[in-house]
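Presented below are the structures under discussion, each in the form of structure tokens.
The same chain A turns up in both complexes below, where it pairs with chain B and then with chain C.
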Partner chain A sequence: MRILLNEVKKIFTWKTMLLLLFINSLVYFLLIEFYIEYFPNGSGIYSYNIGLEKYGVTMDDDEFIDFKKVYDEIVDEATRYMQSREEFVAAGLDTYELFQAYDWGNPSQEASALRDDVFFGKKTELFWDLQERERLIEFYNFRKSIPEVLTDNQRDRLNELIAEEKFGVYTEIVIRNFKSYITNVGIAILFSVVLVISPTILRDRSRGLLQLQYTSKKGRNLFKTKLLAGYTATFIIITGLLTVYLGLYSLNNTSMFFKVRINTFIANESWYDPTFFQFIMLCVAAIYLIGFIFVTLSMSFSNVVPNMVSLIGIQIPFVVGFLIFGLNRLLPNMILIWIPKWLTPFSYGGMVIVCIIFIYYLIKREKKIDILT
Partner chain B sequence: MLVVKDVSKRYGDFTALQQINLEFNTGLYGLLAPNGAGKTTLIKMLATLIAPSEGEIYYNGKNIIDMDEQYRELLGFLPQQFGYYKNYSPKQYMLYLAALKGIGKKEALKKIDDLLEKVALGDVVNKKMKKFSGGMIQRVGIAQALLNDPKILILDEPTAGLDPKERARFRHLLTELARDRLVIISTHIVSDIESIANEIIMIKNKQLLYKDSVEDICSTLRGNVFETTIDFDLLEAFRKKYVLLSEKQEYGKMIVRFIHKGVPEAGWKPVAPQLEDVFLYEYRDEIEGEV
Partner chain C sequence: MMSIILHECKKALTSPILIGLLVVFSAFNLFVIISSSDHKAELKIINEIIETYGLKITDDSLDEFNSNVQLDVAELNRMTASEFTSVYEFLDGLSFENQEKYSDEQWEFIHRLQLKEMYLNMAKSIDESYEGIDIRKLAAGEIEKYGLSGKAAETFLNENEKFFERFKEMVSNGEHKQWFFAGKAYYMHTFLFKTIFLQIIIESLLLIILTTALITTYEFENKTHLVAYSTKRGRKLMKNKLLSALAIAAVIVVFLFAITLGTFFTVFDYSHVWQTSISSAFNWEYNFPYIAWWDLSVGTFLIGVIALVFVVLLLFSGLTFALSVTVKNSYITFFLVAALFVLLWLLPSFMPKSANLLFVSAYTLPTLLLAVSSSFMGSSGLILFENFEWMTVSCWTVITIVVCYMSYKRFIKIDIS
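Up next is the complex of A and B:
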């Protein structure tokens, strides 16, 4: 335990702490801050929890009728508002229906000014709200339609969801925001663990410490302890960063969606149907897994390459390749039906197996290798 | 006690050591050979850092590789060059190594103070090692090798970077230590071990040349080492003819020490051979001249 603690302490130096702070500040201000600062964003600011508080985590037909009734009442309110203003009446836009049916592709100057007034003036909330409700009604009306270009599995899954009456009835703003947020958090954490843990094994080797370490009683078993220290430090870093980032995410105040099943969000049809909270936990687990996989890779390279420059160089294609091709598929969209169902378990399973093989090979190699420096 | 049996070491096509057979008991052994002769290879095999390509090394009849930590807990080792953490103090560094050696923290703290005192670093125990000179680092290395009170102490070029005063102190320390344990010192500096080693081991052409006491090794050149005075102008010719061991200028003439195995000439003064004479003679291929 004392040896493990020593090895962990060697990882957490002031330099690595500063490096962690630098990486996370950079990624936070470049990629993450936006999803906290501007949520809900755009028209979503008026609509992101439409219906949820009233109908709960699902919406059945009766509730939809009620939803439409509320919509009609808001339409009436909009009509009353328009009729109360002479400019609208003069422009022939004295009902909301007329306002909707107007040829906005070729508007008159007055109509254009009135539109700007309702969307960006005093009655902003009302008209944006109506638009969002119309979008939700439209999605509800198309809830049982299945696109043409689908694989058999995807079609089967959509039919299954329709049969179980799991439709995308709630706005996707929340899930989309979380997915973007967690993807960027994933990037920050991936860079953090790779850069902090990478030199763990190389540092002792390049400084010529192995001769003293491997001739001690602990001997070459220290390599296993170093690996364990790497994983312990990874766990500490990921846990610490996730605590901070999920703490920041709580500022988005989306807890009312925690019990909503993720198939209930628009355009978020998935192979499985966890709640939003369970999905967050799934993403957390995936981040731990990705962190451990990449740390294994880093430590493996760390044991083979001659110096820090080549250590970073050799990892760039792996990290960049994963960010381009893997991260979205294996983190935010890991259970989405637009990603083959087998891809996530096979990818993670494959990477875990490769890691186990790497570790087995490295430990075996370290037992026998000649320590020349 | 420690037996090296038919040990060879190859790195690809290159053979570093061939068919080495040695036996070590309690006492001080000096491994003496020029740089590149394979001293460090042998030392590293004794320290289990590299494995023999052929042959085995036994401690009390057991293969040292198979003994694993049982062997290493008897071992104290100082490599030719060793790494350290620049921001650690000697105390922190030795505490770190003590944990690896399986020494409890309390016990280690006491030992560390004693050992650092012994190597004259008592006043810098908490100073960062990045500010240390080469000699001070080397002394930390010596101290760490003694942390676990080893039964087998292996030191590879331990006097590198030490000044004459430190060397003398180190020799005293070694003499004391070698009373009840096996101490093996690898060096190419004859004076480091000449006066303290129970036996000298010399390696030549990848094979064992001598393993004997200083006296017995020196006796191999008895009657063949001479000193004479020659004119400076004749020095070059003399160098070509004999294996010169030393040259000294005095009153415009040269006093030379050399080896000759035939009949001595008039004016040559026979002298008692020293270990350095044997060293220079045996490794003359790498030096110059003929007998």
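Up next is the complex of A and C:
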């Protein structure tokens, strides 16, 4: 236990910690900050939680009728507003219906000035709100349609969701923002753990410490302790960084969506149906898994390559390849219907098995290897 | 002396992992080029157009082109026994069953006609589209987009005014009236100078940083420093290390460029468009055409960009050298250089939007490298400045020489045990 503690201490030198801090702040500014600062962003800005407070986590037909009723009331309000302004009546836009039906492709000067006025000048919220509500109604109307090009499994799943009345009624802004956020957090954490853990085993080797270590009482079993220390340090780093990053995420104030099932977000049909909060936990688990898999890889390489440069070089294709081809499929979209259902469990399962084989082989190899060369 | 350099080079060249990476990177580049080459046959039509009607688009050549296309349309009408005025009319009205009525040869004719008409229509609309460009209005839009104010906005407007002069000159020269691959259809400029070049740049950077760090810190990491630096050559060995790092960097860049661009120009036939101006109206991919500050042809532009990238990558080798002489640890050096790269690139976003410092902070090597597709261009947002490229390169050459000299001087005297 004492040895394990000392090995962990060896990993957390102040130099690595400084580098870790530096790299994380850069990644934060490069990739992550945007999703905190500009949320909610775009046209949904005034009303990303429309309907949620009133109707709870699902929306049935009665509630939808009520939703439409509210929409009609707001339309009336908009119409009253438009009629109260002479410019609108003069431009022939005295009801909201006329406003909508107007040919915005080639508007007259007065009309486009008026449109800019209601969207960007006065009365902003009302018209933005209407637009967002129209979009949601549109999606609700199309809730039972199924796209044409699908595999049988996907079609079955969509039919099942329709039978269970789980439709995308809540705005996708929240889930999309979270997915982008967690992907970039995943990148930051992957870099961090690989950065910190990679050199540990190689460092002892290149300093010629093995001759001393392996002739002590603990002997070659020390290698197992080193691996364990690597995993402990990985756990500490991931937990620490996740605490920070999820803490930052809480600034987005999306907790009212935590109970919403992820299939009730627009365009987010999934193979399983966890709540948003459970989905967050799922992503957290996946990040831990990815972290441990890549640390295993790092430590394996660390035990065989001759120098630090080779250690970095050999990991570049693996890490970059995973970022390009794997990360999106295995982290934010892991249960999405557009990814085959078997892909996620098989990929993670396969990687874990490979890792176990690596570790088994490394431990076996370390028992017999000639440490003098 | 020479043999020391060679032996230093060998340290990097015999590392199987670096060689492996070079192979993997080259293979990846080839894969990207070949997997996006579906339209390479379509591109050949521009060679025929240039051969028949000349490189420059004049009213006469356009008339000739137009009448030839009309002949082809007449041929199409004979073939289909109907009265179309354009091939698009025919294609729009084509039903699914009718598609099989025509033989493969006929289809090839139709496709070729379609391409010719596309180019003809684009050429005809050049004047109209260029009259629609309002440089001043665009500048106002940019200022709003980036939130510039005060001195920064003033500088931007001044430079933009100069660019406006250049734009007028370019239009009167007719630089834009030259044939090139249709930008909005194929995005060849973006593909070559952004996708492919950025791949080469990032791959070379990774390899250069690794090899430079390897060579420079080799003695420390192999515990041979006490021997190596107490020989007759002594700490001057660092000079040889710098030279061999630069040599290796050059080899890496040349190799990656040769294999990638070699494949690129074998797959895509550029033989007839080398003389075309890079500011051609066909080289218009997004909201605004590419317009260079000088009358550059595609060939000159390519050579210019290659030279620029080459020099900047060597500068990175120098900077890495200076850092690893100081840090003496290749692992930390690698991540520090990577972090500095990102930091320099992000620098403008930390600057106030009202001072000229904003523009100064963009004169950095990462910004130059990552925006290489719009080098020498006046249509490149906040880095539109005419002097951007040569100022950045010369300033950073000085900086690199100074930091290399300083770290070397420091290294001569420090305690290395």
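Going forward, the second predicted complex is superposed on the first by the 372 of 373 C-alpha atoms of A that agree within 3 Å, B and C clash if a C-alpha of one lies under 4 Å from a C-alpha of the other, contacts with A are read in each partner's own complex, and residues count from 1 in each chain.
Note that contacts are C-beta pairs under 8 Å (C-beta built on N, C-alpha and C of every residue); 3 or more make two chains touch, one makes a residue touch a chain.
The shown structure was predicted, so the numbers you read here are calculated from the model rather than taken from an experiment.
Colleague: Return fit or clash for chain B versus chain C, each positioned on chain A through the superposition.
Modeller: Fit.
Colleague: If we overlay the two complexes on their shared chain A, which of chain B and chain C does A:305 touch? Say first, second, both or neither.
Modeller: In the superposition, A:305 touches chain C alone.
Colleague: Touch test for A:30: chain B only (first), chain C only (second), both, or neither?
Modeller: second
Colleague: Based on the superposed arrangement, let me know which partner A:313 touches: chain B (first), chain C (second), both, or neither?
Modeller: It touches chain C, and chain B stays clear.
Colleague: Quick check on the superposed pair: does A:214 touch chain B, chain C, both, or neither? Answer first, second, both or neither.
Modeller: first
Colleague: State whether A:19 touches chain B only (first), chain C only (second), both chains, or neither.
Modeller: Touch status of A:19: second partner only.
Colleague: At the Cα centre of chain A, what angle separates the centres of chain B and chain C, to the nearest 10 degrees?
Modeller: 80
Colleague: Would you give the minimum C-alpha distance from chain B to chain C, in Å, for the three-chain superposition?
Modeller: The answer for the closest chain B-chain C C-alpha pair is 7 Å.
Colleague: So which bits of chain A does chain B touch that chain C touches too?
Modeller: 208
Colleague: Chain B touches which residues of chain A in the complex?
Modeller: Of all residues in chain A, those touching chain B are 2-3, 6, 10, 13, 204, 207-219, 221-222, 368, 370-373.
Colleague: If you look only at chain A, which of its residues touch chain C in the complex?
Modeller: On the chain A side, the touching residues are 15, 19, 22-23, 26, 29-30, 195, 198-199, 206, 208, 305, 307-314, 316-317.
Colleague: Could you list, by residue number, the parts of chain C that touch chain A in their complex?
Modeller: Chain C reaches chain A through residues 15, 17-18, 20-21, 24, 206, 210-211, 213-214, 221-223, 329-332, 334-336, 339, 342-343, 346, 349.
Colleague: For a test of understanding, state which residues of chain B touch chain A in their complex under the given definition.
Modeller: Interface residues on the chain B side: 44, 47-51, 68-69, 72-73, 75, 77, 79, 81-85, 87, 96-97, 99-102, 105, 144, 148.
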